[in-house]
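In structure tokens below, several structures.
What follows is a pair of complexes built around chain A, which joins chain B in one and chain C in the other.
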Partner chain A sequence: MEKIKEIINTVLANRGKAPITDINNDSHLRNDIGFDSLDLAELTVRLEAEFDIDIFEDGIVNTVGEIQTKLAPL
Partner chain B sequence: MKLFYRDRATKRSINWEQFIEDINNTQSVPKYCYAQDYYTIFKNIILAFVSGNSITILDSDFSDDEIKQLVGEEEFAQLQSEIPINRNLDFTNAEEVIASLNKNSRNSKLYLFTSGTTGLPKKVSHSFTSLTRFAKISIDRRNDVWGFAYNPTHIAGIQVFLQAFLNQNSIIRLFGFDNTSIETEILDFQVTNISATPTFFRLILPLTKSCTSVTNITTGGEKFDNKIIQQLKKAFPNGRFRNVYASTEAGTVLAAEGDLFSIKPEFENLVKIADNELLLHKSLMGGFENEDEWYRTNDIVTIVNKNPIEFKFVARKNEMINVGGYKVNPHEVEESVRMHPDIINARVFVKRNSILGNIIGCEIVASNEELTEVAIRSYLQSLLQEFKIPRIFKFVSKIEVNRTGKVNRK
Partner chain C sequence: MNILVTGVSRGLGLELAKTLINEGHNVYGLSRNKSSELENLLHLHPDRIKWLSYNLSNSTDVKNIIFKEWIGHNTPIHGFVNNAALAYDDIITNLNMTKLEEMYKVNVFTPLEITKYVIRHMLLHNVKGSIVHLSSISVHTGYKGLAMYASTKGALEAFSKNTAREWGEKGIRSNIIVSGFMETDMSEGLNVQQKERIYKRTSLKKATDVNSVAETIVFLLSNKACSITGQNIHVDSGTI
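== the complex of A and B ==
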């Protein structure tokens, strides 16, 4: 979770947005965290670089919990 | 004893007398020139033309498989074959070699392979006349010293070589060396003329000393931005800048000062712009097999003045990157990134992405180690639309270039 949070905050910082401190499995990437499609694209690239998994490969992922599930086999 | 060719890589300096002796002592010319040594390539080109033979120039880094694909299995078997020269070469000076070039090259063809941005390179044929169509020959140019900054197996390299040769100039190799060596060669040999891609210049700048001997700088093939022009003016304070439009297929067609191009009167009916793309008439295409009357260059231009027509080059058509349905011009992005005071060079690359189709990345050569991704991005926010701003930055020590001296984006 810490690593995912760190990557999310990197993406936010790159767009000049404030970092999030409170994050849980229900946090919605777009509604709660405020990501747009460019941010989501960047997030996938950064997660892929870290975990070697393309989280959006089989369709859209909405929440932090869903990211966790995708990365779970690791 | 005037210098003909100097090559720091082979530590050889060959003067004109030696070159003429080498020509006189050669009894055959290779059907395929597949050499790494620049001097061998130059010598073979001249030999083919003075003996009325044809020659195919191959890059020395082509693999056997690539060559088989390019020339076919049957021809591949003849890769080493030599064509005997059936006239006695007995030149006593450069003038005689040049006179022989003009007289005997009528039936000669020089075959090249275009670097082809997509798929397999295409074979293009040139004659001595088409290669020297725009060569400027005069007694005033007799003392020019050329900094040779192209791959000698590509059209621009061959054109520069012939321009220098026909004026009996000295040629100093600059291509393929590191910055320090290039600067040393320019200074030591008092180079006066350099023709190179914008990438070549971008990669050598800034220089540690100013090279005052250089008076003529020609560039083209890619977009050339203002920051580079400013740095060039500093490095070459006596340089006069000229921008040339040339393609492997057509040779040199347009020339201009700065980045504004116009169509020369003699080509008025042979060049046109349709849908912002530059088109060339097939009669300019040499031996290029082309069914349509107009050849699509894939070069996207923007018209600045209508009468007479003047335009600027914007991008290559197939270089536009589709990011979630938005078209991004990599040159525009690179130019904006390079405007950052702590950035020396930049190269945009494309990464496949499951959300947007493509995502833009950028390699950065920074002059300040403390430069951060966030800082570059916030700088770019005032210059570019959000979708054009690279999402991934990689800090690198140098930008790799392909065999033509252009940058790769894949």
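== the complex of A and C ==
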């Protein structure tokens, strides 16, 4: 979870947005964290570079919990 | 800068690779085969040009073979030049679906897939990169026998315009070179009379200079062109 939070904050910083301090499995990527489609694309790329899994390859991911599920096989 | 170029074995791609190397850039070149000229370039500049044999009719291995295994996550890509193309020419009433599908794979589908991973790579490295697609004057001025070929290039023009709009906010630019007929292998099927007819339609009354096209591409890749995106730049001896 810490690594995911770190990557989320990198993406936020690259768009000049404030970092988040708390996230949980219910945190919504668009509604709570404030990501738009370009941010989600960057998030995907950074997660893939770290975990070697493309979280959007087979469907939309909405929450931090859903990212955890996608990365779960690891 | 690290520049990914398709079709580097001959013609414009080879000229572009030489120009990029002369300007101090690193070339990541793709082509099906290694020509003797390309072999020579690789030998002269082993530290400036990397080459991978890849057939662009294969769109399924773009991610794994080109980006994961060859370029790798850690190498930033600053520019992509979609240069390679198949030119299948015939009149429309003879359209052959197998040849048409092959041409669409090489000219459109695989370059679009490569663009997907180029943009992803640019996002990973925070690179404000530049994408240049090669189009053809045949899109804008019809030529008998080139309807199918021109349709693939028209698709790239639309794709580039929308790439520019979609990714401009991230500083990623996309432009088109609308090239006239050059004296390369691509137009070797034309006889002298056909070439003369084509050149007569240009303002300069001659073939488009390969070096002029290569230099314009290098300009569009560079920061000098940082305010140019979503454009079609005609380098075509003034075909009007």
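The rule is simple: the second predicted complex is superposed on the first by the 74 of 74 C-alpha atoms of A that agree within 3 Å, B and C clash if a C-alpha of one lies under 4 Å from a C-alpha of the other, contacts with A are read in each partner's own complex, and residues count from 1 in each chain.
By definition in this document, contacts are C-beta pairs under 8 Å (C-beta built on N, C-alpha and C of every residue); 3 or more make two chains touch, one makes a residue touch a chain.
Keep in mind that what you see is a predicted model, and the values were worked out from it rather than measured.
Which partner, chain B or chain C, is in contact with more residues of chain A?
B
Under the stated touch criterion, which partner chain does A:38 make contact with: chain B (first), chain C (second), both, or neither?
both
I'd like to know which partner A:14 touches here: chain B for first, chain C for second, both or neither.
Both chain B and chain C are touched by A:14.
So, does A:57 touch the first partner chain B, the second partner chain C, both, or neither?
Once the two structures are laid over each other on A, A:57 reaches chain B alone.
For chain A, give the residues common to its interface with chain B and its interface with chain C.
Touching chain B and chain C on chain A: residues 14, 38, 41-42, 44-46.
List the residues on chain A that touch chain B in their complex, please.
Contacts found on chain A: 13-16, 37-38, 40-42, 44-46, 54, 56-57.
Note which residues of chain C are touching chain A in the complex, please.
73, 119-121, 123-124, 126, 167, 169-170
Using the touch definition up top, name the residues of chain B that touch chain A in the complex.
Those in contact with chain A are residues 324, 351, 353-356, 359, 373-374, 377-378, 381, 386-387, 391-392.
Along chain A, where are the residues that touch chain C in the complex?
14, 38, 41-42, 44-46, 48-49
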